[in-house]
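One chain, subunit A, links the two complexes that follow: it is found with subunit B in the first and with subunit C in the second.
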Partner chain A sequence: MFYHNFKYSLKILLKNKMLIFWTFAFPIILGSLFKMAFSDIENNEKLDTIDIAIIQTEEFNNNQIYKKTYEELSNKNNKNKLFNIYYIKEKNNLESKKKANQLLEQDKIVGYLFLENKKEIIVKTSGINQTVFKYVTEEIIQTEKIITNLIKEGMSSNSTDQTINQLYEKIYDKVLSINENNTILKDTTNTNLSYTMIEFYTLIAMTCLYGGILAMTSINNNLANMSSKGKRIFISPTKKYKTIISSVLASYIVQLIGLFILFIYTVVVLKVDYGNNFPLIILLALIGSLAGLSLGVFTSCVFKNSENTKTGIIISLTMLGCFLSGMMGITMKYVIDKNVPIINKLNPANMITDGFYSLYYYDTLDRYYFNIISLIIFAMILIVISTFSLRRQKYDSI
Partner chain B sequence: MIVFNTFLKVVKSSLTPIIMFTLILIIFGITNFSTNDNSLNFEVTKPDILIINNDKNEGLTKNLIEYLTKNSNIIKVKDDKYKVDDALFYRDVNYVIIIPKNFKEDFLNNKNPEIQIKSTKDYQSSLAEMMLERYIKVASIYKSQLTSEDKIIENINETLSTKVDVLLTSKLDANNLNKMTFFYNFANYSILAGCVYVICLILSSFKNENIKKRTIISSMNYKEYNRKLLLSNSLFVILLWLFYCILSLLLIGKSMFTYHGLIYILNLFIFSICSLSIAFLIGNLINNKNAINGIVNIIALGSSFLCGAFVPLEFLPTGVINIAHVLPSYYYIKTNEIIKSIEVIDIHSLKPVLANVSILILFTIGFSVITNIISKNKQKIG
Partner chain C sequence: MKNVIEVKNLTKKYKELKAIDDLSFEVYEGEILGLLGPNGSGKSTTINCLLSLLNFNKGTIKIFGKTMKPSSYDIKEKIGVVFQDIAVFEELNVIDNINYFCGLYIKDKDTRKKYVLDAINLVGLENYKKFYPKQLSGGLLRRLNIACGIAHKPKLIFLDEPTVAVDPQSRNNILEGIKKLRDEGSTIVYTTHYMEEVEIICDRVIIIDKGSIIASGTTDEVKHLASIEEKVTVEVVDLENKYLEEIKNLKHVDEVKYDNNILFITYKKGKNNLIDLIDYLKINKINYTKIFSERPTLNDVFLELTGKELRD
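Let's look at the complex of A and B:
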């Protein structure tokens, strides 16, 4: 009997087109959309070469520090190349400025430097590229300042034995030769920093919880108050636990097939990085699906509504959970984690997402196990409640 | 009137998803509107920095922290390894600076102290690194020439306070324009999802076989019936459009009452009509009420993701943008982006806007023609 019911539950589930769409196809479509939309975001956030213009005024041409620094920073062979520079030289400064403004208007440059009596940077709007341009220019001015300051100091302390020119040259060489070798910056960032991964983890979480719809449909088929099929099974002389457990098992299998396909798709096509601990990834997926299954069983047994309402309950709970764990913008997860952590500690979608996150980002496992245990507790509580509500059901009339 | 009443009944029953699409728009609108007051002066971008100081807060160390505080946004996070790493991962901070014990003494005594940093490797963190490196460089130079710590600090501060003038040519209110663009880009999702969902639901309700049979044998001319259905659907779309316009007024405020705001509103109107035609086409294609939800999600989410409603166009890979060219949403969103950077509104600057609008209108006509062909073929019931 067990096998019989199991086989037919499996068939019923796999032949339900709507169910298969939401649990199999929808996550894959959503994942592909995520990939298309987010694949370039992180690259775009890296500092790129910035297009600027410099008007070649007399001041600029005579000032070696400016000329050399900008030449160095726009040198093709320099691996820290920062700028693409358009040098502008027209008949007079007014014409040159006109040309530069034109480039600015067409968004070919972010700004230009105009060096005359006073030093000016002209930009169209505020922004990070413009800020970098400003910083670099300021750095040059400050280097000049350092030299004059040091000359002043040198003059006042030992003005007797050297001329200003000697002093200038000495300090100039010194300033240009000093690098940061005095203090070292040591980068200790974790290597896995790609925050768009969270989106894909929430996708897995969503699929695990959507699996609840499968369990719900499967259980509904056994409930006398839900369908004619349920009535027939209800009065049949079979042990209830046999039919229920075989139905739930069938839905769990279908759920795992869907999840497996999604995993393969995200790894092979979407290149999602789940970290390196393969067995733990599988464990999390199995337990995450169990949590989804328990949600479905719970909704199906405890709520006495129509099938549509029950589906609505699972979908809204899942979407709310995914929203809070960062599906519609990862900042949401962080804001909740930081300010009201209790919400996300109770949110199964976040337990799954956070489990993957800790496998990907951290080298310790305590946070991962915390999530696994939370998921098991969540699933157990729901299953126990459902079992009690299923026992000893009787209907006088239906 | 009967047609319209039935229409209203169906709309009433589908208010929940419309409220949901709108709520999503409001939540995202509010959370994404940055609140900095925009002025017509240049504003420096400040990276978000987290400083963990293990040294005594005095002398050079104190000065370094003061310098960083002045030029960046200092973020406070509980000093716990996980909390700091989380903050970095979720980009709450771009750059973490861990100042070691005895930093000041070691630095002044040429012992080469090591500053640990963590960085998100993006624009902001590069900027933060530039700042830190510059401070250290300036401090190193003065240290090699001067002996007194006070003198060094005084010189550092004097040097680093030298600024260059930055002039801004654009007189646009960039902050509010960004808000408007964000809101109207996101409205792409809400309008499209709302239209397709409701109109498909209405059409499929009217397509129920029994209802359709009754309508066909009634005395009402089928042309009149179609006209009424079209009118009520158009009314719904226009109400939805008005609703989102009012919402934008509430969220963005009086800067909507500018020529820029007007173009955003008109653009949304054209797009709403286009959505109506899309919804009509889909409503005619499907017969299964249960399929509506799936189709709405795919169409609305798909074109919103691909055309830059959620992720700005400039961040999308070129391949995706090329695909997006076949979708009407692209032209709607592109127009919003163009409006954002128009300085002077005249015939010349509006040319690209008009081009995009014409494409949207062509899309609308195209969808309507296809709908007519399909519905003509579906006139008979067996």
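Let's look at the complex of A and C:
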């Protein structure tokens, strides 16, 4: 009986055009739209190389930190090249400044650096390029200060070869620790870092949760108070738990088929990068789908509304969850995480999104497993409540 | 006669409203029992209580000698139900629908295959095996609904208004199929508000109104509860009033109505009423185009007992 019901539940679900649209086609359509919409935005928002000028004062020429850093940032072989630099050296600094101002007036540069007794960054207007120039220069100034202080500290004692070596080690450690601790300086050059990734992660979350519609439909077909087919199944000698479990299992399989197709589509056609840890990606998809399934089971068993209303409930909850976890813009996820973190801690869409996000961006798996465990707890709570609700055998009215 | 169903003092309330009020009856093996009553009289609620689908406030229900409970799987094995609402899957074709529901009862594939084909033949869907429900007419869909409920060859069948909104051809087909099921040994509980159907197929009738039994017995026994004996209908053009008055005074005449050139006469008793009326029309040279006589129907009984029509 279990296999018989499972087989037919599978057939019924796969032939239901409305369900297949929402769980198979809709995420693919939405994913394609994301790709079209956001890839253009992202391309437009890529930083162009910024034209700046540096007046070659004596101080600049003697300061290796500045000199080397700007050389590197304007090196044409550096794929992260940030600046095109005009080096200006006239008869004196005043003439050089005049020349720089001229370039600034002609909009050939966004600003220039003048390094003498004090450090001056001169820009004409405000804007993203000006801010980047200013920000990078200030970072260099900060780093220079740290290194200079360490050197002064080291030189104040009686310098020996040993103390000088120790000093170098100290400077090396300090600079290294800046790079390790400061996320701004984290190396991301080996990844295709893209904020649109989050859109695709929420898309996967949406597909996992939409799978709940499949489970809800399957269970509704078995409930005497929800459909005439349910009455017919109820009065058959097949035990309720057998029909329910086999139907739910069938809906889970269909859900996974849909998710698999979406994964293939996003990887092959949309070129989405989920990272390299495939077993953990699959585990997250399986658990995420389980959460979606539990949402469907819960909606089906606890709410006494019509099937259309229940579908509406699942779609609304899913879309709201996805919105809060960044589907319509990563800012929302950031705002919720920062201001009302409890919402995203309870939001299954965010648990799935954040799971993928953490797999992609973090070297450790703590955050990933936190999300996995949260999803399991979420699913278990809903299934337990649903089971108690389902145990009732007779109805007061149907 | 052996009882298949035994209901005692069944009462079901929806808040203050009594949907079933102290109902007691029995269904005997091999009979077709008609559960007759207008819409909202409590027929479907009674069936749902019998099937343990609904909680009830008072009373006992025994089927095949055992108390019926939701977990009475041994009893459920022998029951088939055709609900008033169509209960088939839109996504499955005719043969798959029947096979699915039959599979909830019959494990063996070969036996099930044979049973499914038997059911298809019984309801006359041989030419529609691969059709999907949306491709079937209302009548054919009703037939599929019946096939899904009886394919496993149950010993006890509940048919809850299976012919609602069905064309005459499908109705005849369905009624013939039900008689065939009874002939093959099934006991049938048939609820309807179409008294003509009950008169055609039922061995016994229970008439329900407002959750209570108001009459029961064979159709002839129930008809005897009516005070009228005969109804005569005559199609006659422009009948003068003086004749109407004279007809009213004929022997055994209870009531006379003349409307749209149709004359209705009801007789309380008497045996040769039609002959006497024809003689009267001949003597008075009243031309008529059609004349026929009827026994009182179950609807007449219901009308007399409750003051309303069965289809109200």
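Before moving on, here are some points about what is shown:
Just so we're on the same page, the second predicted complex is superposed on the first by the 250 of 398 C-alpha atoms of A that agree within 3 Å, B and C clash if a C-alpha of one lies under 4 Å from a C-alpha of the other, contacts with A are read in each partner's own complex, and residues count from 1 in each chain.
Rule of thumb we're sticking to: contacts are C-beta pairs under 8 Å (C-beta built on N, C-alpha and C of every residue); 3 or more make two chains touch, one makes a residue touch a chain.
This structure is a prediction, so every number in the text was calculated from the model and none was measured.
In the superposition on chain A, A:I235 contacts subunit C only, with no contact to subunit B.
Of the two partner chains placed by the overlay, only subunit C lies in contact with A:Y8; subunit B stays clear of it. When both complexes are overlaid on chain A, the residue A:E153 reaches subunit B alone and has no touch with subunit C.
Between subunit B and subunit C, B touches the greater number of residues of subunit A. Look at A:V123: by the touch rule set out above, it reaches subunit B but stays clear of subunit C.
Shared-chain residue A:Y334: touches subunit B; no touch with subunit C.
Using the contact criterion defined above for the overlaid structures, shared-chain residue A:Y395 touches subunit C, although it does not reach subunit B. Touch criterion met: A:N16 reaches subunit C, while subunit B stays clear of it. For subunit B in complex with subunit A, the residues that touch the partner chain are 24, 28, 31, 42-45, 82-83, 85-92, 98, 107, 110, 112-124, 126-127, 129-134, 136-138, 140-146, 155, 158-160, 162-170, 172, 174, 290-291, 294, 297-298, 301-302, 305-306, 310-311, 314-317, 320, 341. Interface of subunit A with subunit C (complex): residues 1, 4-5, 8, 11-12, 15-16, 221, 224, 227-229, 231-239, 243, 393-398.
Contact residues on subunit A toward subunit B in their complex (touch as defined above): 18, 21-22, 26, 29-30, 33-34, 36-42, 44-47, 101, 104, 107, 111, 118-128, 130-132, 134-139, 141-142, 145-146, 149-150, 153-154, 171, 174-175, 178-190, 193, 195, 328-331, 333-334, 337-338, 357, 361-362, 367.
Residues 14, 48, 51-55, 70-71, 73-74, 76-77, 79, 81, 83, 85-89, 91-92, 96, 100-101, 103-105, 107, 148-149 of subunit C touch subunit A in their complex.
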